[in-house]
Amino acid sequence: MTPIRSIWIRPLLGALGLIVLFGTWETSIRLGWVPSGLLPAPSSLGPAWLEEVRSGAWIQAIRDSLTHYMMGLVIGSVLGMLTGLLCGAVPLLDGLLSGVVRVLRPIPGLAWVPFAILWFGLDTAGATFVIAISVFWINFYAAYGAVQAIDPDLYEVAASFGHGGFRARLRTVIIPASAPGVLAGLRTGLGQAWMSVVAAELFGVPGIGARMMQASSLLATDLVVVYMLTMALLYALTDTAFMLVRKRLLGWQG
Amino acid sequence: MTPIRSIWIRPLLGALGLIVLFGTWETSIRLGWVPSGLLPAPSSLGPAWLEEVRSGAWIQAIRDSLTHYMMGLVIGSVLGMLTGLLCGAVPLLDGLLSGVVRVLRPIPGLAWVPFAILWFGLDTAGATFVIAISVFWINFYAAYGAVQAIDPDLYEVAASFGHGGFRARLRTVIIPASAPGVLAGLRTGLGQAWMSVVAAELFGVPGIGARMMQASSLLATDLVVVYMLTMALLYALTDTAFMLVRKRLLGWQG
Amino acid sequence: MNTVVTDKAEMVASTGDVVVRLENIGLSHDHGRTFILRHVDLEIRRGEFVAVLGPSGVGKSTLLRVIMGLIRPSEGTVSLHPSPTAAHRPAAMVFQDAKLMPWRSVRRNVELGLEGLGLTRLQRHERAMAALDLVGLADMADRWPRQLSGGQRQRVGVARALTVEPDLLLMDEPFGALDAITRGALQDELLRIHARRQGTVLFVTHDLDEALVLADRIIILEGHPAGLRGDFAVGARPRDNTAPGMRAMAERMRRLIAGEEDPGADAAYWQASEI
Amino acid sequence: MNTVVTDKAEMVASTGDVVVRLENIGLSHDHGRTFILRHVDLEIRRGEFVAVLGPSGVGKSTLLRVIMGLIRPSEGTVSLHPSPTAAHRPAAMVFQDAKLMPWRSVRRNVELGLEGLGLTRLQRHERAMAALDLVGLADMADRWPRQLSGGQRQRVGVARALTVEPDLLLMDEPFGALDAITRGALQDELLRIHARRQGTVLFVTHDLDEALVLADRIIILEGHPAGLRGDFAVGARPRDNTAPGMRAMAERMRRLIAGEEDPGADAAYWQASEI
Amino acid sequence: ATVRVGYIPVIGSAPLFVMQGKNWARDAGIDMQLVRFQSGPQAIQALVSGKIDAYVAGVLPLLQARAHGADVKVVASAATEELEVVSRGALAEGLPEQPAGLSADEVRQRFADFTTKAGHKPKIAAQPLGSVPDTLLRYWFKVRNGLDPAQAADIVGIDIDAAQQAFLAGAVDGAILREPALTIIRHRMPGMRVLASGHDLMPGQPGSVLAIVNENAPDRAAWKTAFLTGFVKATHLLATDPEQAEPYVQQALGGGMLPRDIIIEALKVSAHDYVSDPASIVDAVSRLQDFEVQSGLLRKAEPVASLFDLESYRQIAQ
């Protein structure tokens, strides 16, 4: 497992990989290996993006989507994390909810769309609901699993030093020991929430997903790709910000 | 962390939780706390389900969905797992793909729907593609993370006993040590794939999702819930089967 | 079967209150099919320094965990009566493999037991640093556990337990990974602290000499399931471990640990009795 | 600064080929800001049984890992020349904290080093069981590592290394968690095996007496950064550790470990030289 | 021959279900595979990449397909004047039960009042941009009523099923819908009111059509005429004898969830709208193409005639 030492090699390799990807893509369209209707050429993305920016649609779509994204993410993550931690740590609660979780958990966030429309309508509230639900379960399971995986020896240590009660155990063992798992769940949720943003917006709530669908119904594949990459960019930004926070919190992992 | 010892208490608690849930639900509809248009009464689900079974639509929808599910799951999981293990274990490959992964990973499975239609049409192949993509990333990250989290001491042990080469390390350390993480990813994928099944089918590919959308277009909320529970049931079956396999593989975790 | 070789001729601290009382303890990991410990009766009085000896895998760590209340015995009762005082813990434990919390720095690991005692942050800090100083690791206070050597981790575990000044101190091979000099220094510290505070110490070791240097009383676990096979009072200090009486006692203990018959005591020094 | 107290008066196996050669080894975890080891030169010859002594945290485990090739030194070169033979490993290591693979049963942990040697499944099984028998754990072959006591885990680590019959055997405090009897038995086994196979052993211990019982040669690490501070040849067997010569040598070693000045040797027994 | 036909779940696609149910396709040696799409624009995505051979859905998305180089020809019309704009709640307030053609002034007043009272524009469900419903709705606002569509209402382009659900659930204030959704809504929501009938939207309003991809490719010859013949025959049956067609339509559209009389009623209401001759919609399509160009949905207007193959129908009609 020799890590590549130099801090330069990795970014360079990464860039090389991207160049190869986009190069092959462009070439295969130029040489007609791939019918141009099936895939836009990378070189057409720039102009399409510029036009979209100029019209103001790009910024507006981002602003709309970010609103649902943030709200759904925060609500779903906080509730999911708390419930997961509690279920992991309190066998009684875990037992009581086990049946309900078994029934509700497998119902995918998207399957709630009919009820989202019914209960919240075709607007931000409906989108937030769908996003929150799918983020909820990811965080629930990450937190639950992390608590269950805690080395039981650590509870022994805590108990031996006066931290045997529930709240003390929560503070000295459960929260710090489950932090890596909980944060991994949060991070997965950051990505998953984008999936749900698209899903929720397919049903007419304005934003990137709606805009993407519009583009695809006009066969504007270049715009579709522009919005796919926009999502990738937004995700990369949130993810990078998240990793900075994570690094501070989990410095001990080294 | 005293586990609840008796093997009976947990199922009983679980059942109790479910009874409370369904009881409150039924009561609040009977007493008119919730407008009946917004939510079907649990007692109406049985008849709706029976009728759906009698017409043959239920079995047909399940059969259709399972086909997409299985194909997407297998393709996405196998590819994701392999790529994740390799990227985790081979720094050069990891470096080369890091850029590509950063760009492609955040694009949610659903955002590929326009291209799925374009490339594969709205049939099994298109649905399989959308499902496989989202399952791919889950497995990729689970495997990758699991490999990265391996205690470096274990490589030292393996190297000290003649297993220093890449393939030997793969066999004696990487695969067994990452197995819990990889299996956790597979399991998440089992659930995530249902989400994508619905997503793909919302676009008209026949199956449970399409049927649900049809029902919801008529505000037949009872049928929508029947199909939500159907998904829960199918998930529970696949998950239980999976956990049996997992238990055999990870007996050492105790 | 419960033959315990005892020697109370020179029992030192037997007049104090009972701090630990085990009655007919049994412990099984498989719902009673096989037992690790069985029929263990033990009383430890305030101020005693008791060493626990026994072959590898016999159940010494298990016994300590039962006393600390970390595992519930399958049979029998445990009662603890440590004396309560402000700003200290009634009981604390040094684990066989240190068991530091990987997310806490060395200093914050030592502070673990000080939290919840109503101390200010500064007081906690000072007490933790004093304990780290004692075990010679003051300059490693800000490291993460993974950056320590095996012996250093073990010493952090000792500091963590000492700093809470417990009335009952349980130590599971605490000096096992230390060189003779570091170990000697820590043994001296431990004895000094014990003399000053008159706390109760239960000390697992695999080293008979260490037991003879430290303990007032030595108990021996042996067998499958393990039971108490010997209970010896060691003479008052200063001691001469090379004195013939001591050597004879050591030899009897060695045989007990090895599972051999007790050769019987030289009547001038001890008597073996059945209880 | 590189004063190494050496005593080659009775150097035993110095005629064999060089199996390990360290030249000017330095090791740093922080890109050269501080060093754990520095300027370490060492030659070990075939058939030597070398004990490594030093205070806790000095760098003994680090030295072994460097020799085993598990960490690359920041400075200097390591060369290994174990003799190749069929169906064995050139080198093997016993880790300080056992480091068993949690997903393998005890037996399959021992088999780890046997895989890839071209043995049949049955041969592997038999050799692993023989090694487990040697360390007294044959009846635990089917357990998971988590079901063992600390000392039992350590013994599995010893069995794992012995079963591959390495030409160079590196042992990091292998008997640290064992009671005297188990330890004595394993020491005897180890000496027997060494006498029979004439392999090379590098044995880290914190126990001077253990080193004097086992080793032909004792080296001492000390300082920050750590360097070789002593290199002693121990007399031929049978030995009497209580003989005045031995006691004097032991006392010199104790002082070196403690970082005190070497008191100088009684000229009749040894000489100190600068290299 | 295997023919993959993309369709949308509206009554305009009913001829396909009759052809399949009556085995007319099979009898003509055609293995017909129906692929359901949730709107015309979705179907053209499969069309341009050659995933379907024939298309039964709104005619306008084909303009987009053509602009992206797809070779596709309309060979028959299926239904005309099928779309209506319906409203509910505040937007429907005070309207008579029977649809009465609203004047442009009345429409403008109604939308303005709603916006003032509710504090936001009414939300109207349609299908995605480029679809017939979306374009007609905008055309109605702009050309018929002199309203800027973006100012007057909040138009959401969603799937056909979703639009129906959104209207029933009250998530939108209005919708532009086709049968059988209109009949379903009439039955389930007595409070629903028609803002514009098919005729109000645009006389002779074009709707679902049958189009063939790469019509002149050699393999099409094997089934083109037979398919068209069956399709026209089925259209005729639907227009004349809805009861007979009901089971097939029920199977395909209702999925068994709709009562028989709803389907029959929907078919009856649509009966006079079934017009097969493609020539009858050319002018209207041309007008809508100009409107799409004006609104920026299409880059330029190409001769509409080249989208149509009028000859094939003429031959079988004789």
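By letter and in written order, the chains are A, B, C, D and E; residue numbering begins at 1 in each of them.
FYI, a residue touches a chain if its C-beta (ideal position, glycine included) is under 8 Å from a C-beta of that chain, and two chains touch if they have at least 3 such contacts.
Chain identities (UniProt): A, B = Nitrate/sulfonate/bicarbonate ABC transporter permease; C, D = Nitrate/sulfonate/bicarbonate transporter ATP-binding protein.
Keep in mind that what you see is a predicted model, and the values were worked out from it rather than measured.
Colleague: Both chain B and chain C are touched by which chains?
Modeller: Correct list: A, D.
Colleague: Going only through chains that touch each other, how many steps at minimum separate chain A from chain D?
Modeller: Between chain A and chain D, the shortest chain-hopping route counts 2.
Colleague: So, what's the distance in Å between the C-alpha centres of chain D and chain B?
Modeller: Comparing mean C-alpha positions, chain D is 51 Å from chain B.
Colleague: Take the average of all CA coordinates in chain A, do the same for chain B, and state the distance between these two points in whole angstrom.
Modeller: Measuring from centre to centre gives 16 Å for this pair.
Colleague: With chain centres taken as the means of their Cα atoms, state the distance from chain B to chain E in Å.
Modeller: 37
Colleague: So which stretches of chain D touch two or more other chains?
Modeller: Where chain D meets two or more other chains at a single residue, that happens at 147.
Colleague: Enumerate the residues of chain A that touch no fewer than two other chains.
Modeller: Correct list: 37-38, 114, 117-118, 202, 213, 216.
Colleague: Which positions in chain E touch two or more other chains at once?
Modeller: Only 42, 45, 48-49, 159, 162, 165, 169 qualify.
Colleague: How do the chains pair up in terms of touching? List each pair.
Modeller: Contacting pairs: A-B, A-C, A-E, B-D, B-E, C-D.
Colleague: For chain C, which residues are in contact with chain A within the complex?
Modeller: So the residues of chain C in touch with chain A come to 65, 68-70, 89, 91-93, 95, 99, 101-105, 112-113, 115-117, 144, 146-147, 160, 164.
Colleague: Please give the residue numbers of chain B that touch chain E in the complex, ascending.
Modeller: By the definition above, chain B touches chain E via 55, 57, 114, 117-123, 202-204, 206, 210-211, 213-220, 223.
Colleague: Going by the contact rule set out above, which residues of chain C touch chain D in the complex?
Modeller: 29, 53-57, 59, 61, 96-97, 147-152, 155, 173, 176-183, 206-208, 254, 257-258
Colleague: Sort out for me which residues of chain E touch chain B in the complex.
Modeller: So the residues of chain E touching chain B come out as 4, 6, 9, 35-38, 42, 45-46, 48-49, 51-52, 159-162, 164-165, 168-169, 181, 184, 188, 255-258.
Colleague: If we count contacts the way the header does, which residues on chain A are in touch with chain C in the complex?
Modeller: 153-154, 156-163, 168, 172-173, 176-177, 179, 250-254
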